[in-house]
Each structure stands twice: as structure tokens, then as C-alpha cells.
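Each of the next two complexes has chain A plus one more chain, namely chain B in the first and chain C in the second.
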Partner chain A sequence: MLEQASDIALSKAALSKDKINFYVGGDLINQIISSTFAARTMGAPYLGVFGACSTSMESLALAALLVSTGAARYAIAGTSSHNCTAEKQFRYPTEYGSQKPPTAQYTVTGAGAAVVAAEGDGPRITSATIGRIMDLGLKDPFDMGSAMAPAAVDTIQAHLQETGRDPGYYDMIVTGDLASVGHPIAADLLKRHGVPIAETQFNDCGLLVFDLAKQAVQAGGSGCACSATVAYGHLLKRIAKGGAEAAARRGDGRAALAAVLSAGREHSLHRACRIHRTLIDPKEDFRCNICGHFWSAGRSASSASCCSTLPS
Partner chain B sequence: MLEQASDIALSKAALSKDKINFYVGGDLINQIISSTFAARTMGAPYLGVFGACSTSMESLALAALLVSTGAARYAIAGTSSHNCTAEKQFRYPTEYGSQKPPTAQYTVTGAGAAVVAAEGDGPRITSATIGRIMDLGLKDPFDMGSAMAPAAVDTIQAHLQETGRDPGYYDMIVTGDLASVGHPIAADLLKRHGVPIAETQFNDCGLLVFDLAKQAVQAGGSGCACSATVAYGHLLKRIAKGGAEAAARRGDGRAALAAVLSAGREHSLHRACRIHRTLIDPKEDFRCNICGHFWSAGRSASSASCCSTLPS
Partner chain C sequence: MATKEAGRGPASYKPLSMSPKEYQQFAKSRQPSRPVFANCVRAFLVGGFICFIGEGVQHFFMAAFDMTSRQAGNPTVAVMILISVILTCLGVYDKIAQWAGAGTAVPVTGFANSMCSAAIEHRSEGLVLGVGANMFKLAGSVIVFGTVAAFFVGIVYWILGVSH
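This part shows the complex of A and B:
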């Protein structure tokens, strides 16, 4: 799956494998072996990462760092997870048929990959706020949402404070996999902390990835692939659609939707909690450090067109 | 162990925990939970990484990248492994008493941490060459050295080619954990490829960490902590000693020994092989991007003195 996702990302960016300077990958299997196999096929220098459900945004942030420093011209951030391997490695083999409470979440089977380039016409990554481990002592491995919510809130608040922004600056703020238990806790905590979260669409990949009314996924989605598939699939499409609509209004080709992607996961059996977040935001200016071209935004997250094809 | 190592590194750098902008960590336990616990104690934003035995140098390279871009003023790279947990998770529980062939390696129980700072009087990280996955089809999980040697050779050759250097530029080139089986294979491959490896001291952390004649470690050391303990302990001390000796000769306080640290590990059961390498090298010039001070070398790997105390 991860190899397929990487191939599709390369195809969309009209790039061949030999152009990729770094493969930054991680997944939910022991020793992140899925990513290692994908990196073997890719043949690029490989940086393995692990942030559990935050892996996709951690790898995206590091790929953006590599590109923004000029260490790479093209980097792939790739992430995958599989429901059955997660059950086998971290919970019970599915053959046991063990029952789960409604607070449990369903690990997403999927993969997502993004090509991060120094130039292009895709949305741009302008900043990333890396989260801290928050451990409030929750011990129920079948209630990750409650354990992760405080970390998500801490990272969102840190980001807003560091950038001097209000939630309303973003069209959406999306967490990784708080799902139906953790999401309202996070929303409530933000309100209690005086953050005007109602200014924006506050949502969660764990809620977006499944139809909770029709699918037997308990509280919602989780796992490395949860934020990867929702962010690189659904949300990037919405950004592109918003961009096209805004372009039609404004008469140029730039994306207008901005999204905050936040991905978190609790190491449930160990009671540690982590959160990462990366921004995709076309609103800020920068000068390309490869061609010197001045753009009205940060780094491209998905495309590889020549700088000269972009509006200045 | 990792918390202790991080505390010792902070103490040597005369820093408190709240000064640390990022904790970059990884280890050999599933979901790198040791690193997550250490990051929880540290309270800093956390980037989890996994490169098996190359984890220490991967985390050091990423910490250096964070510092060199100005994203961090201080970052900790921390790594640990434990023999018994590695046996339990990846081989056989030690209670089984299973026998091993002489090609097997002994996972090092230990931890190492480095404070990477934008200024200081320690050795400087001037470049890092990230390796590719090399899979030559070796399938014996008790012979990691043979599987890893081609990846080590590939990365060393890539580094020398990219920097236009000969092995003689370095006082030492040290791989991570090829041990007594993989090390001579790597040396032989380098010779066959026309690399004058005899110009330098070519050694291996897996050979340096144990006394193979006296300790029952089969072919030598391996695991995340192998390169971490040897690099952050033994090799940094040798660099400091070489620096002090050179300083006595030259009349200043700068280190003169340069070392290439290379760490590799094969995912033995999956036949994938990876390698990373980071340089600690005081020979090149740079300008500090925090204070603007011009130095005759790269980034500090271990200290936090004010720029103004350094020779210009």
C-alpha cells in the first residue's frame, strides 16, 4: 500500500524515483518495516520516523524541513497502517474475537504519501508546531481519545501562541484521531482555556475517515494511516477545490483554503501521549531558495511544476 | 537509562530542561516507548525516529538540521537499547537459552544522548550523509554483519563522493555495528571499489564496545546503543583528547581529531538493510546563525558555551 501511495504521489508530481532526495517514512508495524520496504523500492536515502498516529505529520514536517533548508529538492513523506497488524501487535489477534467498548477506535487500513518540493503549484507548508508528550495518567487502552485530547489542545494552543494567530485565521483545524470521545473533550478544553475555537471548523480525521453511523468502528478511526489518508486525500482535495473556487473569484490559480492538520496518538498501554501538527497554508510569502523566485506562500506539499510557471 | 543519559548530557552542557527546543529520540523497543518516556520527562517537543542501529546517528543528523536552520537553539539526540528486551522482542526470550552461531551479535544495553547547540566549544557536526536501504538477499537473522556491510560501503562511498574527500581526510571512519563478520567484508568491498580506506583508521562501534576475546558476545556489539555509547562516550573523548593535544601543539583550544561515525543495522528477519552516518568534524568554517560569530567549524555536538568565549 505504501509503495502504491508513493508511486501515485510521484505520478501526480510528474517525477521519477531517481529525483527523490529523501524518503521520510513511518508506520505502525514493529521496526517500521513497511516503510523500510517502501524505501528499499524507492532507493532514496531513508529517514525512519515513528510518532504512532502523528507519524504522517511528523514525516511531513521533517520532509518540509529538509526541503526548506535546501538539503533536498524533493522529499517524500509516507505513512501507512493496517488494522489487522495493529490488532495483532498491540491488542489481540482478530481471531480471538475479543469485544471492545464503544470508546475504542478502529485502526485505519491505508497509506498516504506526499511529495514535498521546493517549487510547484500545490498547497504550501509554512510552519509546523511539534507537540510534547502529555501524560495525564489515563490507563484505559480502549480509550485513546480521552488520553490524547489534552496533548492536542496543548499543541494547538502552542501553535496559536507562537504564530500570534486566532483559530479564525484557518478555515479548518483538524486533529489526527481523537474520534468521537476525544474530539468533544478537546473542543471543551479549548473553550475552557479561552481559545475561540468556534471561529473555525474544528474537526478530526478519526471522525472524517469513517461513517460512524454505518460502520462498526466504535468511536472512529485511528492509526498512522488515519491522518495520512484524510489529509493527503480528502483535505488536499478540499484545499484544491477551495483554491479553484477562490481562483474563479479572484482570477488566479492559487489555493485559498488553509488547514491545520493535527495528528495525535496515545501509547495507550504505556500512558504516554503525543501530538504533532503541520500547517498547509497558502497565505504567507517566501522566496524560493532554489530559483530565487518570490512566491506568495511557503512550500509546496504535492507538486513539482517549475517555479516559472507560477504566478509571481 | 535514556533519561539518565539525557540528564548527564544536559549537565555537561550546563543547561536546564526548559532550554531544550526538541527531543529527537529512538530506541529498539516496539513503538520506541523508551524514547517516549524520556521525552515525557524532558517535557520538550518530541520527534520520534527509528533507524534500528542507525538511530543514534539519524537522531543526531536531524537534531543538527533543526539547530542549523535556527528552528532550535538546543536539541537533544537520545538513543537506547537493552539486550534482554531486544532478545524478547526480536529473537527468543533469554529464558529459552537458545544457542547462537558465532556470526550473531550481542545487543548493547546502554543509552547515549547528545546536546546539539548552535554555539559551544564541543566538536561540530558539519555534514551528514543519509544511507539507502540495501537488500542483497541475505536471509540469516544471525548474520547481520554480512547483510549490513554493503549498505555501510554504499553510504561511505556516497559521502566521499559528495564531499570530494578521500578517507585520509578523516582520522577515523567508524561504522555502527558491522562487528567481526561485517567489518572485514566492508573493508574488502571498499578496497575492491578503489576506495583507499587504508589511509584512515577504519573501525566499528560493534568491535570497539566489547572485548571480543574476553566477553561472550559472539561477533560483537549491535543495537541502537552500540553506536550511541561508543560515539558519545569513547569517540567524543578521543576527539576531545586529540583536540587538547593539538591545542597544546597549536596554542589554542580547538579540537583537531575528526571522526566519521557510521551506524547501520539490518532488519534481519525482513532482509532490509539501512545505514546512516553523521560527521563530527572541526575542520570547516561557518558563521553562527544566532550570534553571527564566524567560526572555523560546523555545529557543536556537546556544549553550550557562549559564542564569545570561542576563538574567532
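This part shows the complex of A and C:
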């Protein structure tokens, strides 16, 4: 699956495998073996990373660093995870009848890859903030959202302060896999810390990847493919479609779940598709080119936030 | 340039000031609670239903093969295990268990499921080192503590002079 994702990314970038200077990849299995096999097929110099939930943004940040320092012209960041292997390695056998609490999350089966190039017309990575481990002593392996939320908050605040930006600078701030338990906690923490998070859309890949009302995934998605598939497959397309001139993204707040076998980690990514906010003029008809929402002339200015919810 | 940078910077945000204990409280108040009562009702209904089926199977053996209820016990357990293993192999048992909780975990069907699921999971690692070594991964603790408990209960029986 990771090989396929990398091949699709390469074909979209109209590149051949021998043009790739570095392959940065990771997954959830022991010895990140899936990535190693994908790298074997790719044949490019390989850097393996393990960041659990943060792998996709960690690998992307490293790929971007390699490209921006001139060490590489083209680098691929690839990430995959699989529900059954994660269950086997970190939880119970897949067919074992254990009852999962409502705070549990469902590891996403998927793979995502991105080609980072020195030049081109795709969305650009303008900054990346690497997060710290925040261990607040949560020990429930079936509640990773609560364990990861403080790290996500810490990373988002660090990013905003380092770049001197307000949350409103971004059209969307997206966390990796906090899901329905951790995400509201992170939002509450941000509010308590005086971050005007309501200026932007604050969302989460773990909430976007599944239809929580219809699919039995408890609190939502998790695993490193969660953010990889949502970011590379959905959000990047929306950025590209929005014609955004800058896509700032940031990766990698991390939390460690102390005393459990897996370190749950969180990354958050930021993006800017700053197009509609400036285009919506109340005196004109306007169709949002991202969500397709139509606004007629004469509406009140306050209602001009069509992308407040993501189209499913 | 430097002044401009400083001028547009956001107000400095508060760092996380909560102690781990405070945060655990904070997070706990925002977590969905486990539906304990609903789980108990479901466990009661499903567990009871499984025992009802077992009872039916037992009566079938007693009627069809002219067994006493004691004699019918072993084949009944075998049939229940077989049903559980088939449901596990079809990938249905874990779905039922998510709804039923302890209702499917406590009867003998749950024990069969724990062994069967581990055997399926580790089949890819071979028969001896995979299935053989990992089959009791989950069920092993049941056997260990079951044996230990039986040992202590046996000692209590011996001290009290109770015997069957």
C-alpha cells in the first residue's frame, strides 16, 4: 500500500524513481518494516522514522528540511499504518472479543506519500514546529486522545509564538488524531491559555477520516496513516484547489503515554488556504471554490464563513 | 524589520500550568463515561442467552442420548466451544462482544474465543512458534489464576474437612 501511495505521488509529480534523492518513511510495525520494504522497491536512499501518530508530519518536516538545505532536490515522505497489525502488536488479537470503551480509537488502515521538491507549483511548506513530549501521567491505553492533547496544545502555541502569527492567519489548524475525546480537551486548553482558536477552524484528522455516527470506531481514527491519508489525500487537495499561495504546516507535538507499551504521540499540522476570507464581498454573489457554497449578494458580513464545517 | 516582527507577534500565551493530577481531573471531566448500567444489562441478557442455549444443548443430549445431566455436561461444553470458535473464525464474535461485553467474555465461549483469536492471529508465524506458542497468550492467565485459586480453595476445603 505504501509502495502504491509512493508510486501515485511520483506519477502526480511526473517524476521517475531514480530522481528521488531521499525516501523518508515510517509506520507502526516493529522495525518499521513496511516502510523498509517500500524503500527497497523505491531504491532511493532511505531514512526511517518512528513517531507513531506523528510519523507523517515528522517525515514531511525532515523531507522539507533536506530539500531546503539543498541536500536533496526531491524527497518523498511516506507513512502507513494498518489496523490489524496495530491491534496485534499493541492490543489484542483482532478477533478477540474485548469490549472497547468509548474513549478508544481505531487505527486507520492506509498509506500516504508526498513528494517534496525544491521548486514547483504545489502547496508549499513554509514552516514546521517540532513538538515536545508532554507526559501528564495518563495511563489508559484506550484513551490516547487525553494523553496527547497537552502536547498538541503546547506545539500549536509554540508554533504561533515562534512565527508571530495568530490562529486567524490559518484557515484551518488540524491536529493528527486527538479524536472526539482529545480534540475538545485541546480546544478547551487553548481557550484557557488565551489562544483565540475560534478565529480559525480547529479540526482533527481522527474526526475527519471516519463517519463517527455510522462507523463503529469509538472516539475516532488514530495511527500514523490517520493524518497521512487525511493530510495528503484530502487537505492538500483542498489547499491546491484553493490556489493558496502558502501552506504552512507544522508537525509533531508529542505526548508519551507513560507506562503503557505504546507511546502515543500527537502531531498537529497547520495549513493556510487563505482564499475565501478575502474574496467574500457582501455586495457580490460568491461561490466558494473550496466547499462550493454559494453566497448571494446582500448577505451580512458575519455569515461569510462557508468553510466552517468540512464537507464530508 | 525587527520592530515589525515584534509588533505583529501575538500576545504571549499561557503555558500549560496544570499539574499531572489537575490535568487528569480536567481530562476526566471531559471524557465520555462508560455506560456501566447499559453494559450490565447487555451482559446479563447476552450471558443469560448463551447459558440458555447451553441449557438447550444439554437437554438435547439428555433426551437424544439418554445421558444424565452430569454426563451431558462435557459434550455441551464442547458444542458451545465449537459454536464460539466458528463465530470467531467468521469474524462475528468480536462484533457481538463489543456490544455484549462481559456477557460474551465470562462464559466458556469467551475462553474459546480468546484462544481461537490468538491462534488465528499468530498462524502467520508458523504452527509451533506461532500458533503453539501464542495460543495461550490471553487464556494463559485464566489458567494460571484458575489453578492457583483452585489450589487455595482445595486447602480451605481440606482444613474445614469438607469433601464432596
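To be clear about the criterion, the second predicted complex is superposed on the first by the 244 of 312 C-alpha atoms of A that agree within 3 Å, B and C clash if a C-alpha of one lies under 4 Å from a C-alpha of the other, contacts with A are read in each partner's own complex, and residues count from 1 in each chain.
The definition used in the following text is that a residue touches a chain if its C-beta (ideal position, glycine included) is under 8 Å from a C-beta of that chain, and two chains touch if they have at least 3 such contacts.
Just so we're clear, the structure is a prediction, and the values are computed from it rather than from any experiment.
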Which superposed partner A:Thr109 touches (first chain B, second chain C, both, neither): neither
First, second, both or neither for A:Asp188, with chain B first and chain C second: second
Partner chain(s) touched by A:Leu136 [first = chain B, second = chain C, both, neither]: second
Which of chain B and chain C A:Lys100 touches, first, second, both or neither: second
Contacts of A:Tyr46 with chain B and chain C, given as first, second, both or neither: first
Partner chain(s) touched by A:Ile32 [first = chain B, second = chain C, both, neither]: first
Where chain A meets both chain C and chain B, residue numbers: 135
Residues of chain A defined as touching chain C within the complex: 88, 92-103, 134-138, 143, 146, 149-150, 153-154, 157, 160-161, 164-166, 180-181, 184-185, 188-189, 192-195, 216, 219
Residue ranges of chain B touching chain A (in the complex, touch as defined): 22, 26, 30-33, 36-37, 39-40, 43-52, 58, 62, 65-66, 68-69, 71, 89-90, 129-133, 135, 267, 270, 272, 274, 276
Contact footprint of chain A on chain C as seen in their complex: 5, 8-16, 18, 20-21, 23-24, 26-28, 30-32, 34-35, 39, 88-89, 91, 93-94, 96-98, 100-102, 104-105, 110, 113-114, 116-118, 120-122, 137-138
